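Same chain, two partners: chain A is paired with chain B first, then with chain C.
And now, the complex of A and B:
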């Protein structure tokens, strides 16, 4: 019984990090109706930033967390101007292809630079023991940081003028423009925020598990599952969706071979999409 | 349908495709053209969904892979002739697509696109765990399987000619659909689905039908292609990257046109061959493909053919 409980708790901890990744995806979708298919590649950037910080610069692994937030934000704004700005308001095909093209370029560069062999950054944190079960310290630290970053995002969106502008643009871009909000800059900033969230979640994931240049795809798909569970375009829902996915993974692990978990995830993903074709996400998007 | 010059153009092109390597007996050329032909089939059938109906299918490769698996399973276990087996695979995959399409085509736009990625990954993971199909190691053919075709050497030529035949069939299918009431309905769906429904286009039925139709030829081609390779395994059969490269080819040539996807696939395949064999560029194949796609999407969303049509409007009559 405790075996399951421990596995479930660990699932929830990791789920919080999935939730953070999904928040990045869902924020961009909610504000500009773009599904960012470069999401996975950006998660990978976060992972390798950790590697560079620890091995090339010799700093403490958690220095990578604020570094990635800053770097991701700037990188996201640059990406917005290169790949997204011209396709806003066009058919979805265009933004999907455009962000996917960015994904191909980033993954291609990463493969040329780091090849596709696995990397691992060991992070030492004291574990927490409870009865005969131990919870890894890194998992707890990552979950706490994910929740704190999510909280900061909430404060930014709901308690600052900038956040108000972002929400206004998400609601109705023309109306926002009429009231004098520089909507293009707000869109660029929101994209930067989304990229920063995705990147920092990658950094946190890299403190937990080994990674390769191609790991992004799996986490991108997890982010999709999470956003669909929590409601696309809804950052708070994304965190809950992440925890829900972590919970499902944690509960399934003791009962079935690891190979079957992706089958369950994708099955759940498709079922959720079909069962709520627009339903659960329709409150942010007509 | 045969009164216009266009279908004859396709027949002549296919004949050239088939006969030039055969009479020059150039195996290298055959292999390169075979890959191009497979890509043309994938891109051209994908065009039915993306170019006509306006639905982005990221997981088109799932049809190709499933077709390959069903065909190889029938050949190894049931000792069925490969042509029969690949046709059975095509029909089976189309039927599955029809059933599945009825479900996921209730989704629109980006949600549909996401679901198609999910379908491909779910099927891939299922096959990895499916023991009768060899699980993660896949299915191997023994040399005996090529005997009904007169040995392995002969079989390779047969597979090439059959795949070229499928390429021509893909183009003619695109042409026939575009010039039918069905095609008109699809294009209406692509432009504005709600308006199309109001005007009496049976949108749900049309979408399910085109999803299923776009599955048939890739599935047959998958059967022949993996029979030719002699091996099939889940990572190469359901490779999402190939699926998305097919979208790049389609966009490069011009989506919604008939020749565009074929042209794009041919150019892309030749370009890729060049990049992979050029030493200092071989690592950057993906980067260059991505940059190409980015430039097309941002600056020339109509692709090569769209650009030509704008420059010389009269070219529309010949290059559809």
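And now, the complex of A and C:
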């Protein structure tokens, strides 16, 4: 019994971080109808920023969290002007191709710079023991930070003028433009936010597990599953979706071989697409 | 007049150059300089390169009244099967490699072996324990390592000597090598009536072991046998330590052999054991080539890190090929194959003898493994041989 509970808690802790990653993907989709295929590569940037902060600059690992938010935001805006701005409003295939190209460029540069070998940044934190199970401090810290960052995003989107503008553009870009909202700048900012979220989730994942330049792909896939669970374009749903995914993983593992978990995950993904095409946690009507 | 003499001398020099160039032997291989196999593959490559430097410094390989300098041609296979397939074809057809050494890992070697056999090239395999590859009717493939069957059966014996009723968890990587090792130890455990409480396989790319570790804890396991290669093994060991899995015995494949394991994991490495193809303390008296101690000393001086068994395996592949060419007294592949078939020698790496019957030709049948364990001595982690008794340098910590 304790085993199942421990497994569920572990699942939820990691799920919160997956949720954060998916928020980045879903925010960009919700505001500008762009599926960002560079999402995985951006997660990897977050991972390597942690490595650089710890090993090149000798700073505390968690300095990388605010650093990645700032860097990710600026990088996202630059990326928007280079690769996304011109394909907004075009058929969706255009933005898929464009962000996929960015993905290839980033992975290519990363491979040339760091190769595809595994990297690891050991972060030591006091852990919490319960019965014979131990929950590592890094997992707890990562989950707390993921929830805090998600909360801050919520405040930004629902309690500031900027957030209102973002939501207005997401709802109806033309109407927003008519009321005097500088929609292009808002789009750029939203893309920056999405990139910052993806990047910082990468940083948090790297405090838990080893990573390579190619690690992004696995987390990008998880983000897609989470987004579909939580509803495309719904940031709060994404966080819930992440936690739900973690919960399902945690509940399933004690009862089946661990290598069956992806089957459950993607089975759920397909079920969700059929039964709840707008996501389980989406409250808008299809 | 003087100018004309210089010209003549220069022409003669150039004309003579090809004659020297012919007296080289080109040996091709790939190494995983990048990707998940990078750690052990790099060690293996260093072993091969050190052998080349040694043999060339001594005038080269001697055969048929000539001395052949060794020329190595190698590429980065990125730990990927498709690269191995392309690159071994390239080594044979474009670089004209006369002999081949395998890439690191059973999986990549199985791919390379298809190409080498297609072209009838002699390939010495090292870092490739999977026995299946040698049971496919290959004629020019020769294995340096003890096969997968020899990895954990001895370890299980050592464990049972310490605890007659252990609760064992098997946690293996889901790749051909680890699966084969797991199968043989699983059968042995069944035969001996060992209580297996967890039996899990994980994907090679796994980075989060906590679901499995929770199962190990829930199953109240006292011993864990598992692992696969370096990246996953090191991560598993670290997370076992972080989650305080409370095991009395942990044996992992491959990863703990590398000196990097103790450097990177620190306390998490303490007490972890690994079945090892070779350790520097081994007391073999070689028929030719360096002693284990001399090899370890030279390697440490050259690369500023102690050699693990992957490095030793690389050097051993070179020296075994060299011995075969020198015994055959020819670089003709058929004669070298015949010499390898007859080989029954002891090198610094241990005893080497290949199976010669058609059904498992080239399989290693002479070499034996030991069990090594990281132990903390005076605040420093040291790798000791703890089993079998005949070879041990310290008692096992249980």
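Everything below uses one rule, namely that the second predicted complex is superposed on the first by the 276 of 286 C-alpha atoms of A that agree within 3 Å, B and C clash if a C-alpha of one lies under 4 Å from a C-alpha of the other, contacts with A are read in each partner's own complex, and residues count from 1 in each chain.
Throughout what follows, a contact is a pair of C-beta atoms (placed from the backbone, for glycine too) under 8 Å apart; a residue touches a chain by one contact, two chains touch by 3 or more.
Just so it is clear, the structure is predicted and the values come from calculations on it, not from any experiment.
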item	value
Partners on chain A (chain B, chain C) - clash or fit	fit
Contacts of A:117 with chain B and chain C, given as first, second, both or neither	second
First, second, both or neither for A:250, with chain B first and chain C second	second
Which of chain B and chain C A:127 touches, first, second, both or neither	second
Which superposed partner A:35 touches (first chain B, second chain C, both, neither)	first
Partner chain in contact with A:152 - chain B first, chain C second, else both or neither	neither
First, second, both or neither for A:7, with chain B first and chain C second	second
Chain B versus chain C as contact partner of A:259, first or second or both or neither	both
Lowest inter-chain C-alpha distance for chain C and chain B in the superposed arrangement, angstrom	6
Doubly contacted residues of chain A, that is, touched by chain B and again by chain C	111, 257, 259, 262
Partner chain B, residues of chain A touching it in the complex	29, 33, 35, 82-83, 86-87, 90-94, 96-98, 100-105, 107-109, 111-112, 217, 221, 224, 228, 232, 257, 259-260, 262-263, 266-267, 269-270, 273-274, 277-278
Residue ranges of chain B in contact with chain A within the complex	50, 54, 56, 58, 103-104, 106-111, 113-115, 117-119, 121-122, 125-126, 128-129, 240, 244, 247, 251, 283-294, 297-298, 301
Complex contact set, residues of chain A against chain C	2-3, 6-7, 10-11, 14, 111, 115-118, 120, 122, 127, 129, 132-134, 136, 139, 208-212, 215, 218, 249-250, 253-254, 257-259, 261-262
Touch list for chain C against partner chain A, complex	33-36, 38-39, 78-79, 174, 200-203, 205, 207-208, 210-212, 214-215, 217-218, 231, 234-235, 238, 242-244, 246, 264
